[in-house]
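Chain IDs A, B and C follow the sequence of writing; residue 1 opens each chain.
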Amino acid sequence: MAIVEVIIIVLFGVFVRITNPANLSTMFSTVFPLYQDMNVMMLIGFGFLMAFSKSFSWSSVTYTFFINALIIQLYILLNGFWQRAVVDGFNSSNYYIYINEKTFAYALHASASMFVCMGAFVGRVGPLELLIISLVHIFVYTVNEVICIYKIQAFDVGGGMTVHTFGAYAGVTASLLLSASSRPTGKPKSNYFSNLFALIGTLFLWMFFPSFNFGYGYTSTTQYTQTQVVTNTIISLTGSCLATFITSAYLKEKFTMSHILNATISGGVVMGSVAGIIVHPSAAITIGFLIGIVSTVALHFLTPYLEKKFGLYDTCGIHSSFGLPGLLGGILSAIAAASFNYPTAYDAYGLSSTNFPFYDTLVTHPFRQGGLQIAATFTSLGFGVAAAIVSGILVRFVHDFGSNEIFNDGVYF
Amino acid sequence: MAIVEVIIIVLFGVFVRITNPANLSTMFSTVFPLYQDMNVMMLIGFGFLMAFSKSFSWSSVTYTFFINALIIQLYILLNGFWQRAVVDGFNSSNYYIYINEKTFAYALHASASMFVCMGAFVGRVGPLELLIISLVHIFVYTVNEVICIYKIQAFDVGGGMTVHTFGAYAGVTASLLLSASSRPTGKPKSNYFSNLFALIGTLFLWMFFPSFNFGYGYTSTTQYTQTQVVTNTIISLTGSCLATFITSAYLKEKFTMSHILNATISGGVVMGSVAGIIVHPSAAITIGFLIGIVSTVALHFLTPYLEKKFGLYDTCGIHSSFGLPGLLGGILSAIAAASFNYPTAYDAYGLSSTNFPFYDTLVTHPFRQGGLQIAATFTSLGFGVAAAIVSGILVRFVHDFGSNEIFNDGVYF
Amino acid sequence: MAIVEVIIIVLFGVFVRITNPANLSTMFSTVFPLYQDMNVMMLIGFGFLMAFSKSFSWSSVTYTFFINALIIQLYILLNGFWQRAVVDGFNSSNYYIYINEKTFAYALHASASMFVCMGAFVGRVGPLELLIISLVHIFVYTVNEVICIYKIQAFDVGGGMTVHTFGAYAGVTASLLLSASSRPTGKPKSNYFSNLFALIGTLFLWMFFPSFNFGYGYTSTTQYTQTQVVTNTIISLTGSCLATFITSAYLKEKFTMSHILNATISGGVVMGSVAGIIVHPSAAITIGFLIGIVSTVALHFLTPYLEKKFGLYDTCGIHSSFGLPGLLGGILSAIAAASFNYPTAYDAYGLSSTNFPFYDTLVTHPFRQGGLQIAATFTSLGFGVAAAIVSGILVRFVHDFGSNEIFNDGVYF
């Protein structure tokens, strides 16, 4: 690991520079608070969400901390590399990677995809295994991101495809592959206070999801798109929150904490790709409400079924709270793009290409863009599965984690 | 509940639209971080402040989460409706409700008033009772808000009247009415860690109160008013924090955790109406220090007295930490308005109508404005009591919560 | 204490005013979110970091809360006084102290220096002793700050000298002096959940350190310097985080929680002075990684050695996590200033005096500025030691804390 870090430092020395002052936009005061919100989502949000069991809370939080720092560094290098390799082409006179005011917000999207992935098997791997999975993950993440955004040119403002779909199916695949060697004999035990800590995680994820969906992807952000993405995400999240409570109460006559911890945020996940396309708040509230029902029902029936049938020990129910919402969000973004209705939207909202960057594309080629949205969704799913298979093979060589060590902090602390 | 949500979705479809890009101001980068601060105040602040007892921490936090999502949706619809009914008048050609960059900040003020209310009886109602109280509450809140701000034209930048006075007296009344059917036999039990969680809640409320007081109400926000409201609120909060510790140590020779949890934030509550009027930091520090003493003394003597004498089981001591500070803040805002001294203020501060939106009104009609501040304060108090009486009657019909279930999470989890 | 507060209120009345609207810049929307981040660092960050032991978590968090409020008030008065006494000169026609949009961010730097100090002996002093130490501390802090920034004219954007070096060596000295009267007989006991609370503290400090380093000190902040300071701090923090985990695992074959809690943030401390000078990200990552190793090794070997040899009971290992990084950061800032390479830097980065405020000084007098950086570092160290000696003498007169009360909340709650 120390060697990896020395290599990173040398590569930073050779390639990474702060961007030229002349190329900095005036976005800093807008982007920086969003970056800090996303920062809280990573370390407090994901960290404590995964700490719901008192037997591996320390591992969940500290490994999240470690992996987050590593991914920020690697994202800068790898994104710079792939952007040259796939998009810009290499240029012998200027081989620098430039850091600007948006770089770190992008890097945290990469972190998020790793934490979504990690949620599917947290507690079942040791730090060395996790390190290998993370290295493979960030490598494949940066390839997939460049392909989906720059080659396929999908609209994915909040990383519905590149973060959630990619991360969740990578995690599910890795979780399945791990079952061959480390199959848990019991459930992770949570207690009263560990669930309160996990609630802190869920609440910060829920609160700051609008920052996450908005912090990314626009080449030019306008007042309108800011308001649009934030409004759609907030409204969708209120829908999924209410749907989770209603569905949970209906299913068991009581509220189930694991539903509240996981399904409430599905309304943010599902908006990942679609928040920048839909312009009607009632679409956002409807989608959010329905995905909350889907996610809660899936947590209740599908997650135990997959565990029993396929040995998918999905620790945090990632498939139900991130996988399905990400996938359905990608498909919805295709439908939304294909059905983008030019004259109606224009009349009702005063949209134009100056205030709505996707306008021209959506008006001229709605069906083509719909197809690209589908293509990018399944490209992300495929790359996610591929990343997990590669890391699953590599992990076999280290395997530092016995079955009796599952869900147990004490081994490494 | 599912039916309520379907109705909300349909109403969103018919009436709610994102505002026209041409009507968006450039305030997004200023307002959004404030909105996120307020978001943290709602779910972490109020949620965990009410979680001080380990026997109903889960209920406090999760019900806060649920109610917050519901109120955001209902506020958009109801505020839009009442604004048309009372202020703008209905217009057959344009019946839309527009969401802009400030809408969600306003909605969280409505949430806050419900959580202030809820603090007076949390742990003594079940989710169905709470749902009914919330529906009545938001309905009356939006009426009162439109009347106080647009009809009476009171200055209430931080919701001292519409949020705190309204919410606290609604809660106190509801708490009294509930005593008929669900009278607690003991105190809620707190333990070492549940009080630490509650401290997280208090600290976030204390830290982000400046964002709460500033996020609201100005049609035009100027550099000066931003600095004025934030400065007054921060300074008042430091005063109330110090006063609480000093008074608490004086009263019992030790610090009392319930004083620290509740009275320290009274300096933010008291600034709700007055922060936008006073221009002198020494007024803010004096008011904050005195209200901290008042609130701590009230928590120590008045809250137990009211419980013993009138059966007012005020779980979080809301009357002392939000009710009195809100009420006194309203009266202070009347005094401040009436004593606004034109030439002195002008000379010392360089104020004018361009940098201080209240300037013209305060200079030309200080006494009239003072009267309006008093009127709006007691209007809010009255509407709060009325809301609680209505919901108190409705709650009798469901009553899902027996006396033996008080302060006990286990019934619903 | 009540008397102190009355004096503060009177002094506010006589001297403190909100600055004239004409003198407010348009920085509010940039500065306020940074202020709120720093606020969270003070009360949640430092408060909970020091709450790692369940026997004095309440004291740590509540005393932090109290001291923070006191220091904000006193900083405004004392900084105003010393700025007149040392820099501007007294002026009979305008004796006011003006509060502007940056005042409270500066005040929180003063709070931070007190909490760094407090970490070296938290749990071993009662509230009265702490009050005396705080009063002396803020008095000396404001002198040192004015001397370092305005007289010596050191570059110290994030308070590497004035906050961390000053605070840490004040704390270490005070801790040593306290050992004469209150020498702990055992270690503070932490448990599973108290360490999770402390992790929340560490994570918020780690996340918001870029806001802390950037919120201060520039007369004119440019797009470039914002990006520069934030980038350097984030990258350095990722380095120190990784170095801590790697070193901790190497030292004990397991991760040690106290290393993770304290050494991970050393990458932010070390950037305090140097983040505004270096322009190369690889310097930041290298410095961060090395200081993480230094800090972890120091926590593992040096802290126990100093305790055994000199009776330095450094509760939070402040000397290793803030003292050494602050001191080394000051020395590094001297080296960076002295080696500032004019033509190279200019060519590669397009820097000029308009986008980089330190540019002219660093280009014309690099060696002189290097000397000034060293001078300010050791001035801060000296003032810190002096402050602790004065408060150490004064504390002898009250001594409200017996040896048997060490690390025990129950005495005051």
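The working rule: a residue touches a chain if its C-beta (ideal position, glycine included) is under 8 Å from a C-beta of that chain, and two chains touch if they have at least 3 such contacts.
This one's a predicted model, so the numbers in the text were calculated from it and none came from an experiment.
K.L.:
What's the call on chain B versus chain C, same or different interface residues, using the half cut on shared numbers?
P.N.:
different
K.L.:
Once chain A is fitted to chain C on CA atoms, what angle does the rotation have, in steps of 5 degrees?
P.N.:
An angle of 120 degrees brings one copy onto the other.
K.L.:
So how far apart, in whole Å, are chain B and chain C when each is placed at the average of its C-alpha atoms?
P.N.:
The mean C-alpha positions of chain B and chain C differ by 34 Å.
K.L.:
So which bits of chain C are touching at least two other chains?
P.N.:
In chain C, the residues touching two or more other chains are 29, 33, 193, 200.
K.L.:
Which of the residues in chain A come into contact with chain B in the complex?
P.N.:
Touching chain B from chain A are residues 29-30, 33, 37, 192-193, 195-196, 199-200, 203-204, 206-208, 210-211, 222-224, 226-228, 230-231, 234-235, 237-239, 241-243, 245-246, 249-250, 254-257, 260, 264, 279-282, 285-286, 289, 348-352, 355-356.
K.L.:
Inside the complex, what are the residues of chain A that reach chain C?
P.N.:
For chain A paired with chain C, touching residues are 1-2, 5, 8-9, 12-14, 16-22, 24-26, 28-29, 32-33, 36, 39-40, 43-44, 47-48, 51, 54, 57-58, 61-62, 65-66, 68-70, 72-73, 99-101, 103-104, 127, 193, 197, 200, 412-413.
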